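Each of the next two complexes has chain A plus one other chain: chain B in the first, chain C in the second.
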Partner chain A sequence: MGDLKLQNITIDYDHTPVVHDFSLTVENGQMASLLGPSGAGKTTVLKAVAGLLQPRSGEIFIDGRLANGLPPEKRNAVMVFQKNLLFPFMNVEQNIGFGLRMQGRSNAEVHRRIEKILELTELTGLNRRKVHELSGGQQQRVSLARALVLQPAILLLDEPLSSLDATLRQQMRELIQDIQAQTRITTLFVTHDQAEALMMSQRVCLLLNGRIRQVGNPQELFYRPADPEVARFFGGCNFFEGQLKNGVYYSPFATVAAPELADNGQRLNATIRPEDILISVKGTQGLPGRVQKASFEGGTTRIWVQCQNRVFVVLAPRTDLCAGQNVRLHLPKDKIRIFPPGN
Partner chain B sequence: MVAAGVIVVVLLPFVPLVMWSLSDRWFYPELWPRQWGLRAWQYVFSTAGTQILGGLWQSVGVAATVSCISVGIGMPAGRALGLFDFRGKDLVAVVLILPVIVPPLCVAMGLHLWFIIIGLAGSFLGVVLVHLTFCLPYAVFVMWGIFSNYDPAYEEQARSLGAPAWKVLVRVTLPLTFPGIIVAGLFAFLLSWSQYLSTLIIGGGKVATLPILLFALMGSGDRPVAAAVSIVFVAPAMLALLFSARYLGGRSITGVR
Partner chain C sequence: MTTDTANARGNARTRPNPGLLVIGRLVVPALAVVTLLFGGGLVLGLVQSLGYLPATGMQMFTLRHFAGVLSDPDFFYSLGLTFYIAATSTATAALISVAMALVLTSLARRQRVVHFIFQIPLTVPHLVIAVALVFMMAPTGLLSRAALKLGMINSSASFPLLINDSWAIGTLTAYVWKEVPFITLMILSVLRRTGMELLEVGKTLKASRRQRFFHITLPTIFPSLAAACLIVFAYTFGAFEVPFLLGQTYPMTLPVWAYKSYSDVDLMARPEGIAIGLIIAAVIIAAVVAAQLLTKAARHRGLVL
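On to the complex of A and B.
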């Protein structure tokens, strides 16, 4: 156990920076996720923490200790890769014991710890199995067990679930969460799946194009995105413009009191989540609009509504609207997120 | 069936060889030796025993040294070529294939003069070096192939699990590339084992490997003895091949992407 602190990390790849001025703190026992589309530099950050590549500038502190010059084997931060990378010439037990052997632990201790971790990762009895005889989910669990058995200060998970199918992935998520809650190992979890990040972690760090865009708890990122791009990443699709006058935000679609935004006369962007818009067929209240199309998505239906010169996307449960229908939209004031100036 | 067929085809040429070695008198155009006997084998094991044993050791010594050096250099070279793109990679490939294209005679003749000047002619080291000119490229090519299908992430995983660099090499890289190492080593060994001309030119008769002795005996016209020595010459190579056969199959290279 320990905390992880990254300060102003810049990492180059082939002389071009892929991660810029990255700072992040993960507190002891916390599970944080590093979220971003592929190619955003997430794995690069993880590798830098693991010591597999050197940042051009900035400091990495693991458990309060400066780790910059340390080789990977002295870092006490273990990385689990996207591919399970189990050594094919070793069985399950030997794979899991690899790190312990490297530390020169006694046979008895190695066996005791392997048994314990097999139980924790629900692999009991598979000790002697060859790696290629395991299912995909089992392989991924062995790969996780191999890191967990070392009880590292920091556990680095690089999209360990992306190769699994949906059901198995959900099971593994729960398993990882349970294990993390039990062992309290500080974990940095990389994913491109926003739902996974929100679900798994206490703290989410959104990385776009090698730069941190927002850090906070899952609710903050979801409901109070720092800028339109962050909102878009989390599925936001309704953006409109308005003007600030005497602490009130005026837009053609909503008028919201915004006392915290003092600057007068500024044009500011705002957004509302598609599931927060209320849609009704009857009544005279709200904004008049016309349904462009509707697509059934199971639990909800996605409806595109033309309203003045804008198209709003609405997610509503159990509606039987069809194209061409006239509807009323209601944008609840407290659900509107006005972006701070500059966005 | 197929396997049996292959074995028959491979072993067929050895039948007359064995017959020759067991004949005392066999005259053209007879299909069968007139008289069987163990004269040739007696010659091989007792009369010329020490000489042939010496040749055997000399051959094993040269081939094993060449094989070890080829793998030792071929592995890092193949790794660099297989895993990284760098400027002049095509040029390296051409330079590597040159000794394979140029006849050994030319290489040996060309090197002979220089080896005399620097005192390597007629020495064990000189013969090893000239064999390396043909054997090393093959080893590099084999390891190049192995490493183009190799995932270096295994090494990163091992490092992250706490293995220092040298242990990663011993515990991860070597086992993962083991089949390739066996193939490359065997290639180099067999190539060196069957060298005659270059050994003769550079060794000048002082490095008397088995082929040198074999050719001398062939020249003397004693067919049964030559046949017996040929069998002695082929046997170790066959053994080496059988020993490593399981690494040559498809099962071999696991751990590869």
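On to the complex of A and C.
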């Protein structure tokens, strides 16, 4: 176990910077997610930590030691790749014990640690199985076990669940969480799935176009996005504009006290999450609107409501609304996020 | 078991798979041509090697031509020389190819050009390479003249014998030159497909450069390397043109002996030539089977291949 510190990392591919001035600290025993769309530079950061890529500038500290220039085999970090990348010419046991054997550990120790990790990853009894005889989930668990058995200071997970189906994915998420809770290995988890990042980690770092946009705990990123782009990445779709006057934010849709914001008279953007908007068909309170369309999504229904010159998207449990119906929207003040000036 | 299930199983057992029938019917024409051309030639050769050659008056089946070849005191010299050339050229080409493939995978960006340059020798016939080597390596060849010009030797007579020599250096050079691109391209595709990713895994799993080579690269390329080496070995063991041009006159390799006997003006020598050809084929088949058995045994003993 140890902590991971990245300071002002810039990484180039073919002389083109793909990650700019990236800084992140993952505390000892913490599980952090590096979240972003495809091509944002997430894997590049992970490879730089693993030592598979050298940053152009910046410093990487693993467990307090400067790791720049150290080859991957000398770093106390192990990476689990998006594809399971098991050695096809080895069985499960040989795959898991690979790293230990490369370190010259005794057979007894290798055997003992393999047995322990097989139990932890729920692979007991599959020691002699050829890797092509395993299911996708089992293969990914072997890949995870192969990394965990080395007891690294830092575990780097590069979208290890992306090739699994929904059910297996959920099972693996729980397994990874359980293992991390048991082993307390500092983990940096790369994913493009917001729900996965929010669910799995204590700290989330959102990377867009090679730059950090926001770092914080899952609730912060979800409920207090730093800017509209972050809000959009987390499914935010209701944006409106208002004006700040004497510590109060005025917009056609809501009036909210905002004493923390200065700059009187400035026009600011605000957002509210679709699930935070309340919708009703009765009463005279709230903003009048008309349902444009409704789409049933299982647990909730997504409803598009025309309200003045804007369309609000509402996620509600009710399924009885249809296009053309008159409704009332209520935007709770405490759920409205006003973006600071410049956003 | 219900009656329906039993009937279904009974029908499945008695009814032939329609898919296999269709495939069988489609394959028959190609199979017939192959059987006729290759099988026919093989049978004809076998018949002649057994002494049935009516044009020469030999009409009795006999094993005396095989016995004659096998009891010839030169046979084992020739067999040894042929094996030496095939094994040495294959092993040398394999070693160079592995090194080349590793270098080429690290030259990712310039790979297309290098790939193209590498493919050139593949298109050049063995005979052309043999002739080129004569011009280069003979005592009066380019290398000798260059050495003379540079003052490295006093006369072309003092240039070491590299053609028609007892160590078969010319023959080996020709084979290595020709086979390195073939083996390299065979293993390069495997290395590029999965090998590089597995090497990255190896790095993060704390394997050193040497360990990565022996524990990841070699097992990854082994099936392709083994297949390519078997092809090269089989070819070099059975080919006559390169040792015929670049090899010494005595002892001859088995294919040169077979060719000379077969093309001898004396038709009576032809069965002997064919017998040698069949012995060569038998040795190659035995080598392939032995290689398969060895690999299987090694895997059974837990060796990672």
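Note that the second predicted complex is superposed on the first by the 342 of 343 C-alpha atoms of A that agree within 3 Å, B and C clash if a C-alpha of one lies under 4 Å from a C-alpha of the other, contacts with A are read in each partner's own complex, and residues count from 1 in each chain.
FYI, a contact is a pair of C-beta atoms (placed from the backbone, for glycine too) under 8 Å apart; a residue touches a chain by one contact, two chains touch by 3 or more.
From a predicted model like this one, the values you see are computed outputs, not experimental measurements.
Sticking to the clash and touch definitions up top, decide whether chain B and chain C on chain A clash or fit.
Overlaying the two structures gives a clash between chain B and chain C.
Does the superposition put A:R318 against chain B (first), chain C (second), both, or neither?
Once the two structures are laid over each other on A, A:R318 reaches no partner at all.
Just chain B (first), just chain C (second), both, or neither: which does A:H132 touch?
first
By the touch definition at the top of the document, which applies to A:Q94: first (chain B), second (chain C), both, or neither?
Once the two structures are laid over each other on A, A:Q94 reaches chain C alone.
Per the contact definition in the header, classify A:M79: touching chain B only (first), chain C only (second), both, or neither.
In the superposition, A:M79 touches chain B and chain C alike.
Which positions of chain A sit in both the chain B and the chain C interface?
Comparing the two interfaces on chain A, one with chain B and one with chain C, the shared residues are 50-52, 71-73, 77-79, 81, 83, 85, 87-89, 98-99, 102-103, 146-147, 150, 156.
Quick check: in the complex, which residue numbers of chain C touch chain A?
These residues of chain C touch chain A: 194, 197-198, 200-208, 211, 215-216, 219-220, 222, 304-305.
Mind listing the chain A positions that touch chain B in their complex?
Against chain B, chain A makes touches at 47, 50-52, 71-73, 77-79, 81, 83, 85, 87-89, 98-99, 102-103, 132, 146-147, 150, 156.
Would you tell me which residues of chain B are touching chain A in their complex?
Residues of chain B touching chain A: 151, 153-154, 156-165, 167, 171-172, 175-176, 178, 254-255.
For chain A, which residues are in contact with chain C within the complex?
50-52, 71-73, 77-79, 81, 83, 85, 87-90, 94, 98-99, 102-103, 146-147, 150, 156
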